[in-house]
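Lettered A, B, C, D, E, F, G and H in written order, each chain numbered from 1.
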Amino acid sequence: MTHLPDPGPQPGVHDLGYARLDTDRLERTGDAEVVYGAGKTPAQIVELLRTLHATHPGHPVLATRLSTSAQELVVAELPAAVVDPVGRTAVLGEPPSASGTVAVVSAGTSDAPVAAEAATTARVFGAGVDLITDVGVAGLHRVMGVRERLAAADCLVVVAGMEGALPSVVGGLVGVPLVAVPTSVGYGASFGGVAALLAMLNSCAPGVTVVNIDNGFGAGVFAARVARRAAPAEVKER
Amino acid sequence: MTHLPDPGPQPGVHDLGYARLDTDRLERTGDAEVVYGAGKTPAQIVELLRTLHATHPGHPVLATRLSTSAQELVVAELPAAVVDPVGRTAVLGEPPSASGTVAVVSAGTSDAPVAAEAATTARVFGAGVDLITDVGVAGLHRVMGVRERLAAADCLVVVAGMEGALPSVVGGLVGVPLVAVPTSVGYGASFGGVAALLAMLNSCAPGVTVVNIDNGFGAGVFAARVARRAAPAEVKER
Amino acid sequence: MTHLPDPGPQPGVHDLGYARLDTDRLERTGDAEVVYGAGKTPAQIVELLRTLHATHPGHPVLATRLSTSAQELVVAELPAAVVDPVGRTAVLGEPPSASGTVAVVSAGTSDAPVAAEAATTARVFGAGVDLITDVGVAGLHRVMGVRERLAAADCLVVVAGMEGALPSVVGGLVGVPLVAVPTSVGYGASFGGVAALLAMLNSCAPGVTVVNIDNGFGAGVFAARVARRAAPAEVKER
Amino acid sequence: MTHLPDPGPQPGVHDLGYARLDTDRLERTGDAEVVYGAGKTPAQIVELLRTLHATHPGHPVLATRLSTSAQELVVAELPAAVVDPVGRTAVLGEPPSASGTVAVVSAGTSDAPVAAEAATTARVFGAGVDLITDVGVAGLHRVMGVRERLAAADCLVVVAGMEGALPSVVGGLVGVPLVAVPTSVGYGASFGGVAALLAMLNSCAPGVTVVNIDNGFGAGVFAARVARRAAPAEVKER
Amino acid sequence: MTHLPDPGPQPGVHDLGYARLDTDRLERTGDAEVVYGAGKTPAQIVELLRTLHATHPGHPVLATRLSTSAQELVVAELPAAVVDPVGRTAVLGEPPSASGTVAVVSAGTSDAPVAAEAATTARVFGAGVDLITDVGVAGLHRVMGVRERLAAADCLVVVAGMEGALPSVVGGLVGVPLVAVPTSVGYGASFGGVAALLAMLNSCAPGVTVVNIDNGFGAGVFAARVARRAAPAEVKER
Amino acid sequence: MTHLPDPGPQPGVHDLGYARLDTDRLERTGDAEVVYGAGKTPAQIVELLRTLHATHPGHPVLATRLSTSAQELVVAELPAAVVDPVGRTAVLGEPPSASGTVAVVSAGTSDAPVAAEAATTARVFGAGVDLITDVGVAGLHRVMGVRERLAAADCLVVVAGMEGALPSVVGGLVGVPLVAVPTSVGYGASFGGVAALLAMLNSCAPGVTVVNIDNGFGAGVFAARVARRAAPAEVKER
Amino acid sequence: MTHLPDPGPQPGVHDLGYARLDTDRLERTGDAEVVYGAGKTPAQIVELLRTLHATHPGHPVLATRLSTSAQELVVAELPAAVVDPVGRTAVLGEPPSASGTVAVVSAGTSDAPVAAEAATTARVFGAGVDLITDVGVAGLHRVMGVRERLAAADCLVVVAGMEGALPSVVGGLVGVPLVAVPTSVGYGASFGGVAALLAMLNSCAPGVTVVNIDNGFGAGVFAARVARRAAPAEVKER
Amino acid sequence: MTHLPDPGPQPGVHDLGYARLDTDRLERTGDAEVVYGAGKTPAQIVELLRTLHATHPGHPVLATRLSTSAQELVVAELPAAVVDPVGRTAVLGEPPSASGTVAVVSAGTSDAPVAAEAATTARVFGAGVDLITDVGVAGLHRVMGVRERLAAADCLVVVAGMEGALPSVVGGLVGVPLVAVPTSVGYGASFGGVAALLAMLNSCAPGVTVVNIDNGFGAGVFAARVARRAAPAEVKER
């Protein structure tokens, strides 16, 4: 059963059979492509990391959503890679020097994987990171205790499941741009993160934006872009 | 077109044609029946208030969800009634002496009608009421500033729309039984109060219960029942 | 890849790496923290029970949602703990003397785990408990047969799945504060407990409040707080 | 702009321009076509009643969902018609002699229009009707008080809004075939009758079937078909 | 941790520890209790069948939703039982002589288990059964070919998944009472049977009622009750 | 408050202030832009029809979703336009000669506006149209009676509300490409056309595609594109 | 337990016990029946392929949704069959010569299985196929680079998950009939393809139709029917 | 009916009876409070604008969601205010000098009100604004034609209804931080903006964040905060 002949390679595309890398993206958007690990075999992930690293040797390459076996193969095959079992990420190549600061804040211990993914992503995409965990709204003294660190950041990533109230509380304390990440942590009528997502979309604190459920990666990319372009303190004060 | 003959009056039922009053309810549950005003004409509401008041002269009678014209007719026809245009309620007869305290807390000015309905209901059902308004989570100093009043109550009714975060914050501050009331205040993906309802059902603060959207009446009944049976301070301290 | 240095321990927080205990909560709300077992390893659950018990030796510590293997490890490692395989709970330390009574009522045999979780929680949080099972609305004589026990309680926890009708029936019989718990028991268009949840939120009996699907723990905490502060019979009758 | 020529009239179809009557249906299903009034002008409704009555003079013709102005025009133009303002129906022609009994049971006064539509429909379709109103589950003595009338019917139509619990209670009392009709009566999270619909679909009483929200007509048709074919008492007892 | 003492056995209830049998139901509703197999162990199912059979030796006992291992244990332990692996049912005891006819019609081969459950249930509850399979709407000649069998029944059970169109087509052909059963057969936006359920609730054929998704049992009970009370042919023709 | 200066007109865009016409679209896709009337004033609609007609004098211009007042102004100001009050459309300019045939089939009289919109659109976009109305599935003889006309078309547009079963029945009769259009006609749990939409997406007849609820325009465009490129009968038979 | 006797075989039906083949369908709709593999055993699939091939030896037979073990048994038992592990299909018999062209376009590598199913189906149903992969909207140059191939097709099948934006972009570039296929590829609030489905139903590009989530088969059938009847190029240009 | 005495004014709160202004917010978050006009009378809006302007004379005050009559009263009473009838906003006081640039991009003419609200908000909150309208994805040349303006901005606000595809297309073109705003523009299964919201949450372009449906205000606040802190071009290039 023959299909039409393929008209040949396209420019800006590197074809691996199971994936076609957009090698142009770095030039177009300033950020290289990333290996999304879900649904890929460990061997494919290792090959993708190698290929992207070879294409852009001066940039770090990030892989996300790695299964335990993928993490193990990366450790074995790519000893230069840094693997984080909490955030399920691997990074090959040195991150650029940090420019601006992203504070990643999470509500409960179950939110740690999403917060770690956001933190690593923001770092790989060029921002410094301040990771602040376990500041749930049912214990306000913890939120109050980190107010200075929150105010010092150039962009906030606030990670919470269940009722998703933390972004509203944080957004009322400081005027820093804030990206909220709902997590699928919850039970019954949390509907896999929908309750937190809706709460964040309806935040009474102005200036809160939201990403998809459990999307620490997207929040990290966005926050790094904001932080990178923030003027250093001495310029802000001019 | 004839239906079967009606087998005659039932005991414990007062038939007005458009409504059959459950005159037994007071004995069965300790609380008299209430006039739910939605969908009833002003004249029907006045007649129902009069009839219930005549049946139980020693108890106050409450009417809720009154339209502006119903409020006006009640004022004209029943000068002894107390009408509250914010909560859209009317009360005919003196409330019992207050037993225990219900604190009704609301997040924004748009939540005022639901909070007022809860407060009036709790008072008519026998509790004292402390009404605390405009303590949204985006301004935590307002919540912190009323911590003592919250802790002093026997039951809390916490009213909030939008992201519905206030019950989680209040529930983390004090250990008083807390009934959360989601309101239909909100826009877009608040879905007429569903976002707040889901957030409250998923509160990370233990011991939060929830009633239907905008149901200040139900929360007031429940809270009054809790407060009424609370031991007075001197007994608690024994 | 270095993150900012951690600014050091926070007061009122005990950091175990995978969890940070809010050791302040007892003072703030009158109730100690609880071990939520879902997503934790058996070893972590045992360590958390031990640590919380050491912090507050005078209070019982509750662990909920324990897997079979977690229950077995608790039995092996903490012989003083009381483990309930139906409600999937463990309690370490003696409950306080009972103050007031919570009646936990359930509709079907499939609702037993949620009812048992509510009952154990209420007992650990200081209330006496009367557990009444298998009183579904399709056999009204069973509901009628327990009317006296219902009326004698200080707070009711009513547990039901499927159409969630039991709280309406019970709420029409007695005027005791009533917390309804929808369970995920059901088929097809029950949508994992949503049908029961919606029915309970729309109950025609006034004074019914609701918690999240299968949340026996939350209902137990709330009901115990209500029952604890209820005046003893002799005071009520003064 | 010309379309293809119409190929001419079809047999068994009476074309009025704005509607094509299925004059065959009586022969095919034993029941004549009905005038669904929603979205039709008063004049169209009058003409449809007249036309159907002329086609089947020996059968009564039913019109449902009539606006106030449609009811008024029917009264003026068709003095032989019986108009029911509660159920918003009109009937032209004498109903057949009653065969079997349908008991129509409703929970609250707001459910009266749907119950009336079901009762009139069942009568027009050939059954006797016993209408039982205001037997909500929050007052069980009212349900208990009509148990004999329920057991004597050949088919039950049970109408309820809000939490939709009445069919479960009735279905547990008697073994008569039961059609449940959810109504759009309710507030907040009743979602226009969805809460009641889901509750009825999940009834724990076996042998409950359900029709669409507010569909008293459909329930009446179904119940009449059941009652009509029921053997008279003397035959059942043979 | 002691709960209040149990006040002792209730009349009309047989307590097996994991289940309390409503031994009164037969008298109240004319039908004995049924063993719902989901969530019960094979040994419990065997014991329940034995106990109910001993209580009502003159009635057949039905068990539904049996796992393969439960079916095997029933075959081994209760050789008198009839086990149907398609419908996943077991019946212990002889069905009563058939009174009236239920036609069970299904659309596709995947709907066979639900249709078989409905057929066996209707037979056990006292009706004769005519099982008609594989008459999907995409092949109308199959529906047309069974028109006589449909018209001869006293009640129809129509089982369909996917778009759930079969009840509308059948309901337009004959005037027999029709119970529609949506099945969870479908893909993507069928949402586990919701598409078929909604279609059936909105059927344009009057007199269609609906049960929960995959609820062949409920449809069978209802249809048998209708068929049982239908007059025999010679009476109808009088 | 000054914004940045506008950089000037873009090629292929005609700016009217309240709308920017994509005058390039005809060249790019073969079809000119259309005036979507919802939310536009009658005067704007008249101006847009005039402007588009002046830009492409050889093509007819279509306006859809016209209010009654917009239809009246078009009749008054553009006497050459053809206005259809049923489909709420206006056409200015002569349609091209018809190429291929689209059969537009609708289930009930309430579906007529959507069917008319589809028919006019298909005609304006270059196809011949055969309009077949009132062939609901509850009267199969009407569907059977038009089988030849269905089979003779190059593309079918099948319009239905309520349970949306007609596309499955038609799709099982003939092998012509079929576009299904769900309408918002229905009550209660039809959810404004969602029930019909889901049914059509789940059709058991292969080769059924679907457009948005009430989107007769989209179906007409698609069907015309299919019919236009269909070979004439003599070519098909070669 | 005896059911009524089966009235014997129906014409146009081949009964295999677990399935009844509609051997008439080829004549009625021009396309033979297909083996839907989900829920069938490998042995049943092999037998169905053999039987259908024997019935219509001149037509290819298609089987879809094959598990790995079914694919293996088909390879072993039917060496003449062509098995595609990406699209999970098997084809037995030679496809007809290609008539017209279907272009199947997909957005991401995860969409490959659905695209392959659509491509194979279109080929078996008689169209030529041009498969174009990995043209996501976040890299517009890839879409632009294939514009000529898109414009040359007779029908487009556009496959995309996540936000489902590709059909709108493609539909704005060319005027070819376009069938959109949402896939279940996505995370969090994609709800298993619902986000893509809704986006496609709301496409701002006119003339986009949609099939069910992951339904590559349905899109392939539809597109082949469109392409088959398209006039060859020389006719179009006459 | 007396409530507890009010404990007196709180610091940082200005009480107007129908609203309590958070006069502290400017100091806490750097941005003054805003007048949300929905649900307020024209007179209240005028008074709130005056009061806030008097409190912070050096800052502009913004009012949003103004009805036509509110706009008229503002024009009459506050001649210094700038009223925008498209975005339904009023501004009293001079915006600060612009720092950084926000590009507000919208898809269709119906999205203009939301885009205007976002643009005015961003300007009042201190950013320069570049407003780019009518760049729908169905006409890609328009998007391509503004690529330079998009790349030059410090933050993008992308406004779209219907399928919500524009943020994915824009996000694939440039690497600037991007806030997507779904609008309620759409029909049928757009569900008042839900389709666009889901599409945006699932964007395949990394670094897209989302706000609530029609929430131009929130997007404007967020984007201004990002743009304000962006380093000027000369610093970025250092």
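Convention: contacts are C-beta pairs under 8 Å (C-beta built on N, C-alpha and C of every residue); 3 or more make two chains touch, one makes a residue touch a chain.
Because the structure is a prediction, the values reported are computed rather than measured.
Colleague: Identify the chains in contact with subunit D as well as subunit H, in label order.
Modeller: The shared contacts of subunit D and subunit H, listed by label, come to B, F.
Colleague: Among the chains, which one keeps its Cα centre farthest from the Cα centre of subunit A?
Modeller: D
Colleague: Pick out whichever of the two, E-G or A-B, is joined by more C-beta pairs in contact.
Modeller: Between the two chain pairs, A-B has more contacting C-beta pairs.
Colleague: What whole-Å value do you get for the distance between subunit B and subunit C if each is reduced to the mean of its CA atoms?
Modeller: Spacing between the chain centres: roughly 26 Å.
Colleague: I'd like the Å distance between the centres of subunit A and subunit D, where a centre is the mean of that chain's Cα atoms.
Modeller: Roughly 58 Å, centre to centre.
Colleague: Would you mind pulling out the distance in Å between where the CA atoms of subunit A average out and where those of subunit G do?
Modeller: Subunit A and subunit G have C-alpha centres separated by 36 Å.
Colleague: Please set out, as single numbers or ranges, the residues of subunit D touching at least two other chains.
Modeller: Where subunit D meets two or more other chains at a single residue, that happens at 138-139, 172-173, 187-190, 194, 197, 201-202, 212.
Colleague: Which pairs of chains touch each other?
Modeller: According to the stated criterion, the contacting chain pairs are A-B, A-C, A-G, A-H, B-C, B-D, B-H, C-D, C-E, D-E, D-F, E-F, E-G, F-G, F-H, G-H.
Colleague: In the complex formed with subunit D, which residues of subunit C make contact?
Modeller: By the definition above, subunit C touches subunit D via 107-108, 136-140, 143-144, 162-165, 168-169, 171-173, 186-191, 194-196, 198-205.
Colleague: If you look only at subunit G, which of its residues touch subunit F in the complex?
Modeller: Going by the criterion above, the answer is residues 28-31, 34, 154-155, 172-179, 197, 201-202, 206-212, 217-219, 221-222, 225-226, 229-232, 235-236.
Colleague: Residues of subunit H touching subunit F in their complex?
Modeller: For this pair, the touching residues of subunit H are 82, 91, 95, 101, 109-110, 119-120, 123-124, 128-131, 133-134, 138-139, 141-142, 145, 149, 187-190.
Colleague: Inside the complex, what are the residues of subunit B that reach subunit D?
Modeller: These residues of subunit B touch subunit D: 1, 3-4, 7, 10, 12-13, 18-20, 22, 24-25, 38-39, 182, 184, 192-194, 197, 212-215.
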